[in-house]
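By letter and in written order, the chains are A, B, C and D; residue numbering begins at 1 in each of them.
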Amino acid sequence: MSDVAPAIELKGISKAFGPVQANKDISIRVMPGTIHGIIGENGAGKSTLMSILYGFYKADKGEVFIHGKRTAIPDSQAAIAAGIGMVFQHFKLVENFTVLENVILGAEDGRLLRPSLAKARKELKRLAEDYGLNVDPDAVIEEIGVGMQQRVEILKALYRQADILILDEPTGVLTPAEANQLFRILDRLRAEGKTIVLITHKLREIMEITDTVSVMRRGQMTATVKTAETSPEQLAELMVGRKVLLRVDKAPAKPGAVVLDVQGLNVTDEKGVQRLKDVSLSIRAGEILGIAGVAGNGQSELLEVLGGMTRATGRITLNGEEIDLTGRHSDGQSRRARGIAHVPEDRQREGLIMDFFAWENVAFGYHRDPAYRRGVLMDNAALQEDTARKMEKFDVRPPNPWLTAKNFSGGNQQKIVVAREIERNPTLLLVGQPTRGVDIGAIEFIHNQIVALRDQGAAVLLVSVELDEILSLSDRIAVMFDGKIMGERLPGQTDAGELGLLMAGMNGRAA
Amino acid sequence: MEKMPKWADVVLIPLISLLLAAVLSALVILAIGEDPWAALKMMVQGALGSTYGWGYTLYYATNFIFTGLAVAVAFHARMFNIGGEGQAMLGGLGVALVCLYMPWPHWTVAVIGASVVGAAFGAAWAALPAWLQAKRGSHIVITTIMFNFIASALLNYVLVNVLRPKGSMDPATAKFPAATHLPTLHELLLPLGIKFSKAAPANVSLLIALAACVFVWLLIWRTRLGYEIRAFGHSESGAKYAGISAVKITVVAMLISGALAGLMSVNTTMGEAERLVLNATEGAGFIGIAVALMGRSHPFGVLLAAILFGFLYQGGAELALWTNIPREMIVVIQALVILFTGALDNMVRMPLEKLFLSLRRKEG
Amino acid sequence: EPALIFDLGGKFDKSFNEAAFNGASRWADETGGTFREIELQSEAQREQALRRFAEAGANPIITMGFAMADPLSAVAPDYPNTKFVVVDVTWISGDNIRQIGFAEHEGSYLVGMLAAMASKSGTVGFVGGMDVPLIRHFGCGYAQGAMAVNPDVKVVANMTGTTPSAWNDPVKGSELAKAQISQGADVIYAAAGGTGVGVLQTAADEGILSIGVDSNQNHLHPGKVLTSMLKRVDVAVYEAMKAGDAVETGVVNMGLAEDGVGYALDDNNAALISDEMKAKVDAARQDIIDGKLKVASYYENDSCPVLKF
Amino acid sequence: MDYMTILQILDSTVRLAVPLLLACLAGLYSERAGIFDIGLEGKMLAAAFFSGAVAAVSGSAWLGLLAGMGASLVLSALHGLASITFRGNQLISGVAVNFLAAGMTVVVAQDWFKQGGRTPSLSGAARFEPITLPGAEALRDVPILGPLYAELISGHTSLVYIAFACVPLTWWALYRTRFGLRLRAVGENPAAVDTAGVSVVGLRYAAVAICGVLCGIAGAYLATALQAGFVKDMTAGRGYIALAALIFAKWRPWYALLATLLFGLLQAIALRYQNIDLGAITIPVQVMDALPYILTVVILAGFVGKAIPPRAGGEPYVKER
């Protein structure tokens, strides 16, 4: 025991959201100058705990000590004053403001903006030099990538001179390169004596950067260990309560006939920017084609075109039959009718209607399926039965068709989407970011389901920014950069390094 | 898990809210030197105490059901249709034309014809704002407000210059032929041996309104179109993913909304006045907004809210008849009812939720 | 106990409902009697109010406005022992109905003459409320009167709007008055309910003359209101109440001869109306009464011979 | 059409636009902060009555103005209570405010003055009188600019100048001050403001209060500057038109000025040119009456395109479900 007071000490924190007990009597200590990891399943209460520390929520019970001093944190103002900064899981940025405006919001000096802006501009420059946190101060948030947005969030905290920094799943939306860069910055901050709390689902990150790690389950803190004294397997077990297979276990692919053939696909968005440039690819039955790439390089558009959300020029055939790209049959329902299933990248904005019941969401996109129809009406009873069965099979918790989507945790929401799409037995499955923000127990499950579908002979197009996921699931890997396919690799014959170069627009082999 | 038992949410909260509105109304009545208790008794007695009172209450409620449903359907597609007033006016025009210029053998046929045409006229008046919203992004709130004014000018022109019988002082159409007169509840219930007041204007349109409630319920919660309307209303990006056409849903939802508003005129124009008058809608389109919001856009809620407003209208008429309470007092009472049951319901809900939670904790 | 049913404009409409109320109040003050009253709020209440008052034994039941014609013809036969009085309706049948019509065009004719005589610019204005036949009837008589004095007079006629708010939009009334002033009008006749308040106000502010309607509005801006076209609804109501259930039924025409309409002359406008003006108007009045002069009514064939609406 | 006529139409435009402008700016503050407000009409009406009533009793237009603002603020507070504190439905609350004002003004007016829901006529210091700007009379004879200055720019009441001054002021407050930054932020993403350590509730109440003040001025302008007293329902739907203008203006101050001037101009033209006689046919008054509304739709459809409201608008800020 050192005589230095812990930077953060929480004692007996409890918090209930109505009937949900999100945090139960939680105590934790974090020493200054360390990085402390927090892991736990979806809905374990990690974000809630940190939000309490940041004054976003008020705890029902419990005490907070900052550097040994008892501190009341009734609101974020108090947290900021106590030197706490937080980067939320869902960024808290004003989308149509500039970076600079977002940084000074709430931390302006004086009533007029001009001096504040000038000062902040200088300060941002300094921070950029010190930490390598480069952003264009005049860029508008909605026009920059998520990686940049996260930098803005970190800059916001540093601008407010935070010495305790909380990061809630910061790498969920980052590319490997961006994540690495983030970790270098965190290292640097730790070296300066700052204290960092890092919430993540990725055990690799925990092992790589944290000094100590706490595990949460169902609102309670189940263990706190030194990182050096544990292993990913042990953490996974602590987290889920059972043994978890951390690798995907799959047999070699047995590719059949070509299912999807894409030739010369071009897409230009509303602003006139060309998003897809002459993309051609094909996928065979019983094969998973992984698309790697930094977010924003055309993968989303590729998925959207194939899923019928965006119109395009070019030629696409499915099992040899041409697909309508611009006409009356270019919408999602026509695609589904032809056996194309689509797990979208953003489950909350696209894949689900958050205010619909689970059983209503299980029909989403397939609601015109004759199987769900009785006369002119929808056959809700059949739908509810179907949902109960799918929830059972995909281990959705709780398996209650009458809960609205927003009442499920992220991982379970994703399971509902995956269940809906996979259970159609599609000829082609489009999957975008299937495990973003999903805990490892659920990841394992979802991966297994995708592989099982492949083994039944479906063609799968997998888009993910997680290189690990691409490498372990794909049978073939294509890398996209700037709307083009940079090249194809076989997973056994490449590695993260080479893919990373391709993703940055450099031809891996030539380099 | 819910925070509160359903019955508390559906029954207790509205009741407490109504009570609060009543208490405040009583204070206002007291302040202008009248007797609130007598006023309340008079309202209840006058609106619910006789078949005569019910006849008027239900007559007004019929109007509000139609306009409330109209607003509710648009709400489900996340559109705010303020144009119920104009759509109902046009519906009235349609009904008048049909009743005046088509030879109807019997009211049963006439009511079908009038309903179809009234609904079609209402839908037509909603079509342009809908199309502009879908294709040009012109905000439906502005365009429907504008269309109310335009409808009013149109109706004025038609009644003053075209449909008014020669030499009549009244800017109204001629009386509809007898074959188009709709039976009142009195005539409808007589064969069943029920004696309903002869004087009250509630008529067979009430049944159409109830049917419209069922129709809207089925449409929104049981059909694929309704599913798409709700999905689109909740998430435009989600609708795009699911292959639901924004243009189609916007237009179709507004057409249905306009048609429902147009149907209101069957009650007022064909059922009550038996001619088209300048003032046929009387702001029912705006009351429809309050009714839809208070009814939480659910047909059953709309029905209840419409009856509540019907009660306030008829109860208010009784007050106006027998007391010196100015008729604007009724507007104040309506405002308080809307305020407490609609906008301030969380004021009641929040403490109740806490109460129920702590009760449950104690049990558990 | 008599009952009084006001039209949708409400009893304080600065117009004929208010006049009715004044008549009833005068009766109540003089006799110490009481009367029932209701301000209608919706079309459906017309019949309702008639029946409820009839059932409650009110007699006579006095109702206001042409819109009562239909409901009254439906209700009156059901209550043969009740007497009904209706103002502004003359064409329905029923033994127990007293129908009172006013010759507004004749009164308007007189104030039109005064307007044309008082006008220095040769342009006079008319502001109506909502565009309904009754208001055109007023405007038509006014224009004829003005032209009788000065065949070259320019009559600027405007309506406030097409929604019920046209009766209660003094701001628009003001703007209309200003617009007419800029077109040269220096006397403006307002037949627009609450909107007229704005017309009279603006006329006073801008230093021109205005003409009030229905009741005597000369006192609103003493010395600035040329006169008011009186429509003695108050007298009609007062007399009906005074007669009680013995009120005579049938059609009653309240024209110039009966003093049912006229123009107001009092201290407030005495200085504005010269003896010469008065003489001319009174002569015309006599001619109309004697049938030597006929003022065309808008209702005759739904158009005005001298003014286009 | 001669120059003077044009000036008169523009003059009329200004008078008709000012209440719209004030109400529109009022709505702008509220909605920029994420609180939708269809109760502008009601607040104006209440302000019109109380300003008229107090001016009548006290004989001072300025006291009337204060009272009008006070009445409007009370309704604002009610709207704030419902939609901010109790996180109720903002549309319902707005509708309730409109009903409440429509009923209460007449009930109270009748109770106080017994003049049928009107206030007594105002005169003298109880009314805002037009101000003649310096040199207006002297410069009147200068060609073109003289009449422009004397007729159009000079000769309005102080409230008109206040209203126009509010436009640059609002622009400045919104885009150049800390308050404006936070206000715009809270309408876009209240969570961002909250986590930045600023009170969402405080900001929203401030915005709603400013909205109340501006509606108060608008109402007072109607009753004590344009008119000489209150008449029931005298706002005659102007609150709704202001709302339309606000959407039209895409929630921006300078555009708000343009939008309300456009509405004013269309109305002024419609009022001046009724019954246009084209020889063969006469355009009926109803067409001219509806013209401002028809043109609005045409302009909206043809030129304005999509108006994107503040993103958090209409939604109460709920942290814990």
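Basically, a contact is a pair of C-beta atoms (placed from the backbone, for glycine too) under 8 Å apart; a residue touches a chain by one contact, two chains touch by 3 or more.
Only a predicted model underlies this, so the values are computations on that prediction, with no experimental measurement involved.
For chain C, the chain whose average C-alpha position is most distant is A. One finds 29 Å separating the Cα centroids of chain B and chain D. Remark: chain A and chain D have CA centroids separated by 46 Å (rounded to whole angstrom).
Chain geometry summary: the mean Cα position of chain A and that of chain C are 75 Å apart. Chain C and chain D have Cα centroids separated by 34 Å. Within chain B, residues 149, 152-153, 156-157, 326, 330 each touch two or more of the remaining chains. Among the residues of chain C, those in touch with two or more other chains are 10, 131, 162-163. The set of chain A residues that touch two or more partner chains comprises 18. By the contact rule set out at the top, the touching chain pairs are A-B, A-D, B-C, B-D, C-D. Residues 78, 81-83, 86-93, 95-100, 102-107, 110-111, 117, 232, 240-241, 243-244, 247-248, 284, 286-287, 289-290, 293-294, 296-297, 300-301, 304-307 of chain D are the ones that touch chain B when the two sit in their complex.
Those residues of chain A that touch chain D in the shared complex are 17-18, 54, 56-57, 75-77, 79-80, 86, 88, 92-97, 101-102, 104-108, 110-114, 116, 156, 406. The touching residues of chain D, counted against chain A in their complex, run 175-182, 184-185, 188-189, 191-199, 311, 319-321.
By the touch criterion given at the top, residues 1-3, 218, 222-224, 227-228, 230-231, 234-235, 237-238, 240-245, 353, 357, 360 of chain B touch chain A in their complex. In the complex of the two chains, the chain A residues touching chain B come out as 18-20, 307-309, 331-336, 342, 344, 346, 349-356, 360, 363-365, 367-368, 373, 376-378, 380.
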